[in-house]
Each structure stands twice: as C-alpha cells, then as structure tokens.
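Common to both upcoming complexes is subunit A, partnered first by subunit B, then by subunit C.
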Partner chain A sequence: MLARSCLRSTRAFAGLRNGAVHISKRAASSSSSGSAAESPLRLNIAAAAATTVAAGSIAWYYHLYGPTADASTPAEEGLHPTKYPWVHEQWFKSFDHQALRRGFQVYREVCASCHSLSRVPYRTLVGSVLTVDEAKALAEENEYDTEPNDQGDIEKRPGKLSDYLPAPYANDEAARFANNGALPPDLSLIVKARHGGCDYVFNLLTGYPDEPPAGAQVGEGLNFNPYFPGTGIAMARVLFDGVVEYEDGTPATTSQMAKDVTEFLNWAAEPEMDDRKRMGMKVLVVTSVLFAMSVWVKRYKWAWLKSRKIVYDPPKTNNIAPRR
Partner chain B sequence: MATAIYNTLFRRNWTMLGAVFVGAFAFEIGYDNVMNKVWDNNNRGRQWKDIRHKYVEGGDDE
Partner chain C sequence: MGFWDTITDLVEAATPWATADAEAPAKDLPEETTADTTTKEEESTKAETETAATEEPAAEEEPAAEEEAEEEAEEEEEEEEEEEPVDPKEELEEECRNSKQCSPAKHHFDECVERVTSAESEGGAKEDCVEEFFHLAHCATQCAAPKLWSVLK
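Coming up: the complex of A and B.
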C-alpha cells in the first residue's frame, strides 16, 4: 500500500513537470479497462495454465519417483522374509539352550565345511552349549600355532579353551578359490548383519525351490533363492531331512535344523542376550515403580492447587434499581 | 516407634548415611534374588542350568 502510494506520487510529480502529455497517458492507461494486457479472461487463462503446469509437473514427478524410492528392483532387493514368532526374541525369554546345542551340531556338521565362525572362542561355548569337558575335547581336535620358541620357530599345539573356532579356509582367497569365486561369509555376526535377522537366515535356508521359476535368470554356478538379494546365490541347498542325527532324538527335519542353527547363530551374534534381558527386566520393574511413585508425588504436591476453588464475590447491589 | 526410629537412625547424619547404604545393599540382594527366581520360572527348561545334568558326567563339577 505504502509503495503504491509512493509510486503514484512520483508519477504525479512527473506529470506536473512534463505537462499534460503524461497526465493524459496515465489517465488513458488507468481508465481503459478493456486493454489487452489486463483482460480478466486472459488473466484467468494464464492462471489456469500456470496451475496446470505446476500440478502436472508435480504429478509427473510423483509418477516417476513415486511414494517410495527403491534403489534396486524387487529381484535385486530379495523377497522379504516371512516373520516367525521366535520365542527367544520375546522380551523376557532366554535362548532355548537345548536348541543352541542342536544348532551347534548342525553348524559343526554342515555349515562349518565352508563357513567360519571366527569370533567365537571355545570358552564361550562352555556353560551355554557344551560342558567344559566336551569343549576341551573339541578344542584339542584342532592344532594352533604356538608363540615362537627360542629358535624363532612356530610349532603346533593342540587347541585350548581360549582358542577360537578354526576357519575352514586359510584366508579369503583360498575360500573364494574353493567356492568358484564366491566367499562364504563368516557367520559369527550374520544374524545382526542381515536385514530380517533370524527370519532372513531361516527363510534363506529353507527357501530353495526345487527348480527355479520359469523366466528366472540363474547365473553359471549359482542357485536360485528368492530371499537372497539378487536371487542368485552360490550356496546350494544344504539342509535336507535327516542330514544330521540329533543326540537328543529330535527329528532332524529341514525346518527343525534351520530353526536350531538360526537360533545358534543368533546366540553367536548376541551371546550376552540372556543376561541383558534379565537385567532389562529388573530395570523395567524398578523404573516403573519409580515412575508410579513420581506420579503419585506430583499429584500429592499439586493437590492444593488442583482442588482450590476461586470464588467470585459480587459487589453489593444496593444502589442498583431492581429490574422489572 | 517413630521417635525410636528417628533417634536411632535419622538423628545423626552418619547413622542416616549408614542406614541408606545398608538399606540399599539389602534391597539389592533381596530384589535380585526375587527377580532371578521370576526369570528362572519364566524360562524353565530353556536355560543351560536346566539341561546341564544331561551332559555332565557324574562327580565332576563344571
């Protein structure tokens, strides 16, 4: 408003200085409502066109990039694993150590021929999967390097509880060479390292179809597994009914073995889970009691404020004539 | 009763402090015991100590 009035005043000055020509011009421009530039019809068309372009470009952008932006095609992403109600994932449930024991047996007899478990020492198995005698016997089956002796030679000694589970290959290159160029990942943290965790591992192990679906591209030396990102996985299906004979008599079906080994790998990734959950339960109980107490104290301290009553005492009405 | 507690525990600062420390210690022991029982009851049969006897050869502890 202010700017417009300023503009008008300078134009008025200019008109005064330069005579009637400008004044008449201004009068003509301001009074000619039928002028082409300001016709309401044209303005409406322009507004409609601009709105159409804006809305159209937004729609086009949405059509192109959509509500979700996926970096990969669904096949590259892999089929999302089915969610299973794992008991050991409940808040206040520990691992089923009988299942851990079976899962370790599956790892040792099936997985360990290609996959290392290099971050798990024998001592952690004691007291959760094996007895100390079993763990010692297992460790002694393998040989480990000693410290250099007086001549600087490194000799071999039988394993001890403090040694780590031996890897099937000397190094990654040897592992790739033995597996057609594909590196079997270390399984110590695999449950934490994959989206979907336990569900993913279980689905991957049990998700091999008998033959790849029609039209699926399966590379040389690869196997089809819809749950594996890219669907072509170098690992073939390894778990078949009865591959392992469980010492506790559990029927060794494919899904039973997959479930046990998944729980075992979850233990390998989170050996502290039982203690963590037990501590978490204690913390939750104590903090909920403290929270309830703090709510009570607040209500107690605020009671006088919340229960007070403000009374309006009206002025005396003696001087006002009663209404009729 | 209340005055007896006041006179023995709260009147002097060092007794008050001692009461706090001893109380905290005693509460921790009792609370841990109760909660561990709750945990073991909730996970009966799942923990290593529940299945250990099947695998340990007799006589030799741990």
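Coming up: the complex of A and C.
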C-alpha cells in the first residue's frame, strides 16, 4: 500500500515536471497557443488527484494498522498499582526495623492464619526483627518432628531457632479445601513475585472499595479489588482499623498496618538488602578511589612520553648549490 | 561496630580473667539477690497485712463505688481511644477525589454510575463502570500518595 502511494506520488511529481517542461517550452517558443490554456487545469487536476490518493492511502493504512487491539479489558488487566515513596527503596536507606517489627506482628496476628512464610527460619528474625530470646520463645510455641529415635519413632519437640515458620495448612490441597478452592500463596517471596512489588501489595491490601462500582460482575465467593487482575479476588479485606494493637503505641490504621506488613514482606523476600546496599556503597567508594589512582599512575608513567617534543632540525644548506 | 571495638574485643578475648558470653550478659544475678530480699520483706510485711486485713475491708467499701465509676469512665475512654485511629488514606483520597485534579474522572464516573443504575432499574445494563472507577481510583491514590506517606510512620 505504502509502495503504491509512493509510486503515485512519483507519478504526480512526473506530471508536475512535464507541466514545468511545457511551460518552459511555451516560454521558449510562444507559438503553440492550444496547449497553453489546458496545462494549468490539467496540472491542478493532477495535483488534487495525487493529494487525495496520498491522503486516502494514509488514512486506509492507519485504519488497518493504526489502532491497537487489546486482547483484554482494563478490568482483566487490573488497575496498575500506584507508586508510593517507599523510604527503604531509596539507594542510601535501610529497612525501618521498627516497621519490620510491627509488620511481623501484623503477619503473625492477621496473615498467618491463611498464608505461610515457609522460606523464613526463626534465626533470620534474630537481630533484624526480634531479639534472640523473643525468637526462641516464639519458636518454642510450635512443635516439630524429631529425628527417629532408637525404635524408629518420630516424636515431637519444641521448635528451635533453626526451624522454619510453621505453615497454617499441611499442604496445598488442604489450603484450597479450607479456602473455597483458592490457594493462599506463600508470602516469602511475594514482593519479588508480583509486578509492582511493594506498591502492588500495599494497594491490594488497602484497595478494597466499600462496594464494587455499578455494573461490575463479582463472582460468587469473590471480592472486588481493582488491583487484582480480573478484579475478583478470593481474599476478603482483612485489615481494618485497630485489628492489631501495636506494642509501640503506633495508631493501627489500615494503611499503617498495610505499610508495615508490606515492608516486612519485602524484608522476607530480600533479607540481604541492607547488607547489599552497604556493600555496594563500599564497592563504589573503593573502586572510584582505585580508578582515580590508576589514572594518576598512568599519567605519571606516560608523562615523559606525552611531554616530549620532536623537533626536526634540518641540516644546513651551505654546501648545496643554490636552486634556480 | 567501630575499629576501636574490634581492638577492645581482641584484648578482652586475650585476657585470662575475661568471660565470653554467647548471648547478652545475664541480668539474673542482681534480680536473684533482689528477689531474696523481697521475699524476706514480703514475709515481714505479710504479718503486718494480716493484722491490717481485718480493718481494711470496711475502709475499702466506701471508695469501691467510686472506683467502679472511675473504671467505667476509664473503659469508655479506652474505647474512645480504640476507636480513634481513623485511616488517613480514606480521608486523603476523598479530598483528592473532590479536588480539581480529579474532577474529570469523577465526572465521568458519576455519570456512568447514574447511567448504569438507571439502565439496571429499567432492565439489563450492558456496561459497567469498572474503567471509570479505575481512572478515578488511579487519580485519587496518585494524588494522595505523598500526603499519605508524610502522615504514616
């Protein structure tokens, strides 16, 4: 199509050129009076036709390929999470460990009834979220299998720091059965596992509207949440003002709890973040110093070569006979 | 941990009288001694209280009613305190929804809700307001995001 329109335009240009030739001929000869009256009309017609063809072909091309075709509606896509200015996502900032502590409390009291956190052992909580004694006390609240004893029986023992956080359900099937067929995902890596990361989790937790917008279809047993792809989510709103009572007296509003638990989940997914940022800073500082030193050493070593002056001193021409 | 801490740690580790603790230093020792003293004190005070116990109930009855009233008042206050946390997100987003910035989105959403509800009352509605809701929610949350983060801890 494009090629055809290009051809047309060249032909139109050819017509223009012919007209120009005619005009020049007429100016030169001034004898043929018959073609002189026709040439401006034909010229105008050719120009108009070429323009309409070109414009029409562009329009047709746009009609065919211009508008984008969406395979899914915005509702199926889900509302993109709003960006929030997370402090811990800045380059020189660490996690707010008070927030992590509060977030872990929210996880334990609210989320843990359905969601597991299977990749986090108690020992990683020590020092970053809890103290040793708190973590030990928390681990001892749960029972774990021992190694087989002399008779081959497996007994129960209280948890240790090396144990992992217990899951609310024995396996995925039990979790599905208990939750009307919907599997609550493991939250260990959820911040890394979803588009939008922290923003998505925060928006999802706080984004439940009081009632779905008019005309929206909400499936049976589902709840309307604009941020969940498809807008029908099996998890109901769980965070309400004052569900948790924080030990440090922070007002437990919905958004505060969501923020804390999101930061905690980000810690669960990236426990190495603080160290990673510090290490990155060290690497940048040391390598920049070393780079500056290497530049200086290179210039120092090459100084004699770069600063030399090459002078051509021609031999004296006294002995040679003068040129003509 | 500073450079000097490392040196002092090394020195402490090398000295023969130093003790190495795997965990935080035990606080039990002073507590045990105080516990001993308190038990002795308790024993001595028990005798006194036993003698006084006969006199106390009569004295307690009078302020008991007042205390109950005070407790009730305190409970009410506590309940009020518990009700106090209001989500700033809702308020900020409501402000943003009504602001000039989001007025086009709100206008479209309101119009859509009106149209769809009237269509539903007449018969089946052939559309929903999800897209309009998305635009409004996007505008409101984006407008409220920095304000919300300045309020939250």
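A few notes on this one:
Keep this in mind: the second predicted complex is superposed on the first by the 215 of 324 C-alpha atoms of A that agree within 3 Å, B and C clash if a C-alpha of one lies under 4 Å from a C-alpha of the other, contacts with A are read in each partner's own complex, and residues count from 1 in each chain.
Note that in this section a contact is a pair of C-beta atoms (placed from the backbone, for glycine too) under 8 Å apart; a residue touches a chain by one contact, two chains touch by 3 or more.
These numbers come from a predicted model, not from an experiment.
In the superposed model, A:Pro67 makes contact with neither subunit B nor subunit C.
In the superposition on chain A, A:Pro314 contacts neither subunit B nor subunit C. When the two complexes are overlaid on their common chain A, residue A:Met281 makes contact with subunit B while staying clear of subunit C.
With both complexes placed on chain A, subunit A has more residues touched by C than by the other of subunit B and subunit C. Of the two partner chains placed by the overlay, subunit B and subunit C both lie in contact with A:Val132. In the superposed model, A:Gly152 lies in contact with neither subunit B nor subunit C. In the superposed model, A:Gly181 makes contact with neither subunit B nor subunit C.
Using the contact criterion defined above for the overlaid structures, shared-chain residue A:Leu79 touches subunit C, although it does not reach subunit B.
In the superposition on chain A, the residues of subunit A touched by subunit B in one structure and by subunit C in the other are 98, 132. Note for the complex: subunit A touches subunit C at residues 73-75, 79-80, 82-85, 98-99, 132, 203, 206-207, 209, 213-217, 226, 231, 241-242, 250-256, 259. Within the complex, the subunit A residues that touch subunit B are 92-98, 101, 127-134, 248, 274, 278, 281-282, 285-286.
Residues 31-32, 35-36, 38-39, 42-43, 46-48, 50-52, 54-57, 60, 62 of subunit B are the ones touching subunit A in the complex. Subunit C makes touch with subunit A in their complex at residues 23-24, 82-89, 109, 112-113, 116-117, 120, 125, 127-134, 137-138, 141-142, 145-146, 148-149, 152-153.
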